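What follows is chain A paired twice: with chain B in the first complex and chain C in the second.
Presenting the complex of A and B:
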């Protein structure tokens, strides 16, 4: 089992890891010859899940991976450790190498960073992130959740706004109702014994998707589809805004889940047109409906 | 004793106090005729700090004693630091003085006006005056007996450089190792914890290689590797950074303490008090190696191999005496490091047996236990037809998306139909997972479970919620 690569876009990788930092303590990494998958499963049935993939070319160069099972490597790591390691790459590194090795007989992801000190000499810094290797059998037990047809898709408003609003609503209740219709309107509502607060977002970009399935337009375009999710999960997702705060699609499946697709491409533009561009990867957040 | 700190140097004074406060709980004050010393040490007596303010630093300084007598006392660091922490910009005058009771204080006396107190009086503009009276305890002070002239290796580096090395360490790091050879300096981090398990809960390990040419002065005749506590080293670094002064280190071999000095060079152009900046010296104990002999000094003789007392009380020690019996557990754990062989030390300190460390090592949260052994819950059981949604089910990442990139994960289409059937019969809102092979749970006949049970609280009966991690592990492996 070998894995060794040069990291060309450590900035993007750091931002992705920062986005998932708040979700959980540990995450899984699946490395394939073409893509890198980061998977975070907080609780199998009722927790927030994150499934992501990033094209290897967007992050690495001279990517070498070899293993006995299809040249894929699966491991589990602590998000905070990887984030700390990647933060050391900021500030003008000359070269960053990532490889899987063993130190003291225990597997680590070793990040070697060459940078320049103030006097111009070279400083070599090595951050070893301890990982746990997963067998293919363990990995195959991790499956994405099954999800029925999506009811409505739209582009999220700027995440900073939604986040500041949701954080204020956080103390009001444990469940938040996220609803949207096909005309670009979204409501976020929280209620408890004393108060009932709804925030209305208007003028959002709706997205049509060509379905060949029997998509029954069973409602008017102005009717709302609602999913009631756990407030904590919703706020946790909103705190991961480092990667692409403007390129996020929200999909509501009524009574089942809310899903967010964060598209990672070149930074900058937003809007529906951006989705068609060669995105180098995406993060999919899956927030199931709260049971009780 | 009376000392008046110039208003412009209050910040410097505060930084010195802050540094001592971060090392230990008490600050010892020793007032001599020509300078004022502030001394601190940490609880396990493995770090010692001494900051000397020459008399020229103050606007007015009077030690209040005759030529050879010295005034010594001890105050609580938190109180003294807290006084200077806030709002020192508007201070016009700051005077420290000792007030002694006019007559011996009896227990029942009501002489509350005159007590033995360290008085700090801060005079602000508009004739506002803040007076703090701190309780002090007259006691003996102590000094380190290690002399930098005995040390064979030394270097000096700008404080910002040294701080940048340690900045890369993870937050929980407890110790660092400095490996110095003539061609390279390696700085490594070490954290207590479950080092033996191939787990993701171990701590980040950092290793940094620096070129000796980065140092202002570097003289290391033979390779040396020192392991010292990170907390005190960071306190020294912070002080050096704030004073914008270079950090000098003197060391000899493992087990001998590391002597650090922070002394800003006097600035001849500045006003008088700037010409006498405080000099600070620190002594940090390092971990002893098995093969090196214990350091011997004139007054104190430590026990066989452990780096214990680095301090000597001037008058009361005699050669050959054992270190004080009230050394903290930290000192004990340090002495057990002598068991390590030098061969291990060339590698990272992850090889350290966890038992040699303090008892309060981090317990490994069983984060790992919740993944992935507990994942892959068994396929859910069907429920009555009345709750059938007729929509087609998709794997999450295969859902039709607006112009989304095509399917992103492995597709195993043969599974999809079976999974879709199950989903059709499942209550909405349940997250399904499927296994590529049947589990023991799924092999139970389907008709066993109670029908028409729409009550989610009985999820355990439906066997949809996976049992806690420990039970899962026994079931699967």
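Presenting the complex of A and C:
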């Protein structure tokens, strides 16, 4: 088993790891010859899940990977550790190398950062992130959830707005009802014995994926699809981004889940246009409907 | 959840409806009395009065006059009609003591009301309009100083359609709308400390900044705070006796400090310090405070808070502590 690469876009890698920091303590990493997958599963039955894939070319160069299992490598890591290691790459590194190796008999992801000191000498900093190797069998048990086709897809309003409102609604209930229609309207509702709040977002961009599906005939465009999910999971997703990307798609699968798709493309595109720029990759958040 | 067409439906009640161009003044007023989860709200043609009480020793009221609102409509006839309906099954003595029938009373969750009004305030724990966070500043209740600052400019429509219905808020900020419904409860007999039933023996008006200084000096380890007002020096003294000693703040009757002063009877009374401290937020927002003590030793603080429409008032009334060697009969015999 061998993994070694130059990291050409450490900033992107750091941002991706930062965006999953709120979700869980640990995550899985699946490395293939062409893609890097980060997976977070908080609870196989009822928890929020994150599945992502990023083209290796978007992050690395001189990428070398070898293993007896289709040249794929699977491991589990502590998100905060990797995040801290990656933060050292910021601020003008000359070169960053990432490799899988053993230190004191235990597997680590080793990050080597070459930079220049104030006096002009080259310094090399090495950060080791302990990891737990996963077998192909363990990895095969982690499967992307089977989700029925979404009922409605639309671009999220500015995430900061939704987040601050949701944070204030958070104390009123454990479940939140997220609804949307095909006319660019999204409602977020929480209720308890004493108070019932619905916040209405309007003027959102809807996406035309649905027109090819058969079920579009059964509801008017103005009617809403609803999924009731755990409030904490909803807020955790919203808190994932300090600098919110403009291209987050929300998909409601009525009675089943709320999904969010964050596309990693070159900067500059926003709205539906960003979805065409899938060169780099995507993160898919899956928030299942909360069983009472 | 029922499908909602177009923009959120506006509440359509007939009894009471008011519009606020900016929720901030109302939020600031309500926060001064928000130390209890529930408040009684009385709606009358002149405005809203929110009242909270604690331990039957403290009653605090915030007066939101109709002028604070952009529009304020209250259907008095409908209120009387509902009132008569309510009264129909009750004996005369069950009716609210002395309340005119054109008034509507309801109990609602005050903490939730404030949370709803502040829904668009921005990240929790901060106030989005750049104004200072209320508690220890002398923030006025005008909208944030910079007219171009649109953050925190939530507009609201408040509505109530009578006993048994929800208290409704429709909030809007920059195109996002929230509809909030608060459960209401039938008011229980109110605790009225009856301050005005006895003659006022002492009264003064002091600039709030002096009183804030005094409050900061109060020893928190002391159970009680003592207030002494006399016609000779020292005219006004606030003291505490705590674990590490005593503190005295005295004020003389000079123009610089006291705007007005009246003392019919030299008196010293004790009050529970933890209750007195509940008025700190109201004090922080006010320019001036009117302090009155009546013949039974009850204390009234009336905080004058500047708002866009002249001055708004928040009142706190405290019952005095009865000293250990004095029975309640003795205390009332002081009358």
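Everything that follows uses one rule, which is that the second predicted complex is superposed on the first by the 282 of 292 C-alpha atoms of A that agree within 3 Å, B and C clash if a C-alpha of one lies under 4 Å from a C-alpha of the other, contacts with A are read in each partner's own complex, and residues count from 1 in each chain.
Definition applied: a residue touches a chain if its C-beta (ideal position, glycine included) is under 8 Å from a C-beta of that chain, and two chains touch if they have at least 3 such contacts.
Just so it is clear, the model here is predicted, and its values are computed rather than measured.
Novice: Do chain B and chain C fit side by side on chain A after the overlay, or clash?
Specialist: After superposition on chain A, which the two structures share, chain B sits beside chain C with no clash.
Novice: If we overlay the two complexes on their shared chain A, which of chain B and chain C does A:33 touch? Say first, second, both or neither.
Specialist: neither
Novice: For chain A, which side has the bigger count of touched residues, chain B or chain C?
Specialist: More residues of chain A are touched by B.
Novice: Is A:136 contacted by the first partner chain B, the second partner chain C, both or neither?
Specialist: After superposition on chain A, A:136 lies in contact with neither partner.
Novice: Could you work out the angle between chain B and chain C as seen from chain A, using CA centres and rounding to the nearest 10 degrees?
Specialist: Placing chain A at the corner, the angle measures out to 70 degrees.
Novice: Once chain A of both complexes is superposed, is A:150 in touch with chain B (first), chain C (second), both, or neither?
Specialist: Once the two structures are laid over each other on A, A:150 reaches chain B alone.
Novice: State the minimum pairwise Cα distance, in Å, between chain B and chain C in the overlaid complexes.
Specialist: Checking C-alpha atoms only, chain B sits 10 Å from chain C at its nearest point.
Novice: Touching chain B in one complex and chain C in the other: list those residues of chain A.
Specialist: none
Novice: Over in the complex, which chain C residues touch chain A? Could you list them?
Specialist: Result: residues 1, 3-5, 7-8, 109, 112, 115-116, 118-124, 166, 175-183 of chain C touch chain A.
Novice: Report the residues of chain A in contact with chain B in the complex, numbered from low to high.
Specialist: 25-26, 28, 35, 37, 41, 44-46, 49, 51, 53, 75-78, 80-81, 84-85, 88, 103-104, 106-108, 117-119, 121-134, 138-150, 153, 207-211, 213, 249, 251, 255-257, 259, 261, 272, 275-276, 279, 282, 284, 286, 288-289, 291-292
Novice: Report the residues of chain B in contact with chain A in the complex, numbered from low to high.
Specialist: Where chain B meets chain A, its residues are 158, 160-161, 164, 168, 170-171, 195, 197-211, 213-214, 347-348, 350-351, 365, 367-368, 371-377, 389, 391-397, 399-405, 408-409, 419-420, 423, 428-436, 456-457, 464-466.
Novice: Please output the residues of chain A touching chain C within their complex, sorted ascending.
Specialist: 157, 161, 163-165, 167-169, 171-172, 177, 179, 181, 185, 187, 189, 193-203, 222-224, 226
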